[in-house]
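Each chain carries a letter (A, B and C) given by its place in the written order, and its residues are counted from 1.
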Amino acid sequence: MRIGRNAWIGAAGTLAIVLMAAHGAAARVQSSEKDLARAGAETNAKAAATRTVTDESGRRVTVPVNVQRIVSLAPNLTETVYALGLEDKLVGDTDFCDVPAAAKQKAHIGGPQNPSLEAIVALRPDLVLAAAIDRWETVNALTRLGIPVYTSDPHTVNDLLESVQKMAEVMGAEQRGAALAADLRSRLEKLQAKLADRPMEHVLFVVWEDPLITIGQKTFIADALRYAGAESAVLSDQDWPQLSFEEVVRLQPDYIVLAPDPEITSAAALADLRSRGGWRDLRAVELGHVAVMSDEVNKPSPGLVDAIEELAQELHPDAFARAAKESTMAQGSRRAEANERECATCAH
Amino acid sequence: MRPLTPRRILGICGLLMGVLFVAVVLALRMGAYPIGVTDIVKTLFHGAIGRWDEIPSEYRLVVFGLRLPRIALGILVGASLSVAGAGFQALLRNPLADPYVLGVSSGAALGAIISLAVVPHVPGAIQAAAFAGAALTITAVYLLGRRGGQLDSATLLLAGIVTASFLSAVIMFLMTTLTGRDLRGMAFWLMGDLASPPPTTNVLGWFGFLFFVFVVAAGAIYTTSSDLNLILTGEQEARHLGVNVNRVKLVVYVGASILTGLAVSVSGAIGYVGLLVPHVMRMLFGTDYRLLIPASVIGGAIAIVVADTLARTVVAPTELPVGAMTALAGAPVFIYLMRRRVR
Amino acid sequence: MRAAGSGAILANPAGMPGERRAVRLKVEQASYAYAATDRSAPKFTLGPASFGAEQREIVTILGPNASGKSTMLRLLAGLIKPLSGRIEVDGTEVCELELRTRAQRIALVQQESELLFPLRVWEYVLQGRYPYGRRLRFESEEDCLLAGNALAQVGADALRDRWMDHLSGGEKQRVILARALAQQPSLLLLDEPTQHLDIGGKVELLRRLRKLADGNRYTVIVVTHELNLAAEFSDRIVLLHKGKCLRVGTAAEVYEQGLLEEVFEAPLDVEMRTSGRPRVILREGN
């Protein structure tokens, strides 16, 4: 039996109907989204005015003047929200947001790399904070659905300070943001002063032990380390260069720096490296120069400054010990200097 | 003697469509945002008859803006991969062939990586670059896979495997040396992932275009289904019966490769579907390609919709990539069906 | 066995005495040659050969290995074009026929069938109807009837619902033959069909071919090296040796001791029997 003409007509008819239905549905999807965006804008217009800001990726974002419901898509951004005291407005964060511990209690929307669009939408946020290095399609999708997304993209510690301030401004906490940024800035400046005349320690920052992965010169972590008086011994423009152990032996860094998660003590890390062949023969390990940083260093957040300070203390202990005594001895040393000057002149 | 009739085909397709319909309704029901089945049905109904204001705005957004496009994409991808798999199994005379064996997915992945590194945030760039990569790979493998000017199954298979390995090596090289940070997203893309929303605001145009390409490519393969039945009993035998074997091979090669490129460009390399769905359909309905191809279209759609629903809900709110689900679920299903087969 | 319940389509009463038999196959000075590459000298030359075959005849192309039998068969099937001369089936030159038309006139029966996926016997035989109708087609009742007839003609009716890969060697060959018959060809070509069969199977096959030729008016061309079977069942024999067509005629005409010994390179004796058909045996004492 050949396929009769009637059957073809029937199939064509069905196809036509399906296509028309699909057309209708799709057109309505489009219009539904436009409606929604409009409705969203209208509600915002009713509630409060909106304004347009430029985020850190150069996107122009229309945010409400009065932000009430924030969803964070990255752990460091969650931390910033808490640091700014805005946690009451935070309605959702990722599974990995655990600093501070209270963040774990918030509603979760998935991971930074694979958040659930629906979960985000279900929380009805009027502002979403995202990290530019995470999934960009989420940003696009949320934008298309009419939900404002502010992306943060700090490449250096200085960028971080500006980002904190900018985000605070967007979320309506301008003064707190400025205060926080100023405080962090002054702490860093004090640190720099203390370390001013100290030579930089050459360190190997270990991201992963096997394969051995470290950081490149242009990374955020490298910049943070510099504030702590440490220079990554590895000269590479790649972000995450993979080294052979031989290269480490050649470099013989002064210090090995780790940022493990969960955190362990420096002593424990040292003991662990001492038990490994190869590692234990490095000069740094023999001398006990193994420092553990909090894994705050891995993310651009206010807690980073604490991590930098801790590392600085470990790498340059005498700068801090001296500083503690300096205030009491300052007078004494000035007197001693004065004496020396007098003696210098009277020696002859 | 019960030869295959169009009525039987339509009957089986009707049955499968019923299963697909149930799967779609369940998929619409599941998700982070709580909506009951009755509400979904009401939403769909109101949407179908045009009473948009009667639907709460969030239901509209979640059902029509988020879930339905994702399901539609899943149906398209599942259908494409299954037909491509069935086609390649006949073309290469190998039951283990899947749509990626000829390197199309590696070419698409390479295109995607390059696009991520060069123009990271441009919407639609990944899909376009992936399809371009797929197209170039199809051409290269075709040229390498010829023997005496015509496609030869064994040569084609070798050419495809070599090309796939080479491209994978290039991809690995790029992933370790490129400094672009956005490459982290590649992991999910490589595993196969339906979460990417349409890259344009013109949803109708996007799906219309995808659907059109699918119909053309799958339709072309379907016109050779009688020929494929004969070719499966032997190439020479088919020639003696009057089949233009060389032309059929070319049509199936191009059609199946385009379908694979299409699927991979929009959703990454979702595995196991193209391999297993044709086999399952064969076990259920026989090896006649006149029925196998439409059955695979719908069967593949069902498989992906179910897998994606599971991927979205099993460890909510985290979303697993759908490729992980097909991998986990595919093997046991296949083993079960294989052992149940009584002959 | 007669075609069962076939109605008008294939009922074939025995031919009337004195009926002129149609010439189905005509080979006129056909030759062929192939070389390793386009530019090197021909490695192998076939022909020129001339012979014919009529309706209801079994013609055997006989010769040792590498005598060009397979090449001749491919020429007859239209798979390759002769370099010179003509090969005609039912008056039309074979290589000029369109693929599907050719499949309606000529059926080539392969030795083995390598199936990739399981198939039932009737599905397999039904595929023989492919050359008729459109490319994407669904089999009609007529097709089913003809396929059933074909199965009956080879005595494989009972195998209808069996799976192809569950058949014995002999059964499988009958089914393969049935598919060829389903093509309703004028010309049936068989390439070394007795190779994998035991003596009983060989005789059975050739008897069946004889019946098909006589009863259903097929023209059968068999390529083989089996001397005695050829003598027993053929109407005409074409003897090939190293590409040359040495002799064409009945078995009695062709089987000359000296000639056979030269061609087959073995000590042979030719016995003439009462039936008029010769028998070849290996000479003792070597």
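One rule holds for everything that comes next: contacts are C-beta pairs under 8 Å (C-beta built on N, C-alpha and C of every residue); 3 or more make two chains touch, one makes a residue touch a chain.
Please read all numbers here as calculations on a predicted model, not as lab measurements.
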item	value
Chain pair with more C-beta contacts, A-B versus B-C	A-B
Centre-most chain [mean C-alpha coordinates]	B
Identity of the chain that, by mean CA position, is farthest from chain A	C
Distance from the mean Cα position of chain C to that of chain A, given in whole angstrom	80
Rounded Å distance, chain B centre to chain C centre (Cα mean)	46
Distance between the centres, which are taken as Cα means, of chain B and chain A, whole angstrom	37
Touching two or more other chains - residues of chain A	1, 3
Shared interface positions of chain C, touching two or more other chains	137-139
Two or more partner chains touched - positions in chain B	5-6
Residues of chain B touching chain C in the complex	1, 3-6, 90, 93, 95, 222-227, 229-230, 232-234, 236-237, 239-244, 282, 287-288, 290, 343
Residues of chain B that touch chain A when the two form their complex	5-6, 10, 31-34, 47-48, 50, 52, 57-58, 60-62, 64-69, 120-121, 123, 176-177, 179, 181-182, 184-185, 187-188, 195-197, 199, 201-204, 207-208, 211, 312, 316-321
Interface residues, chain A side, partner chain B - complex	1, 3, 7, 21-33, 35-36, 39, 57, 95, 108-111, 113-119, 121-122, 124, 133-137, 140-141, 144-145, 216, 218, 237-239, 242
Residue ranges of chain C in contact with chain B within the complex	77, 79, 99-104, 106-108, 110, 113-119, 122-124, 126-128, 130-131, 135-139, 143-144, 147-148, 160, 163, 183
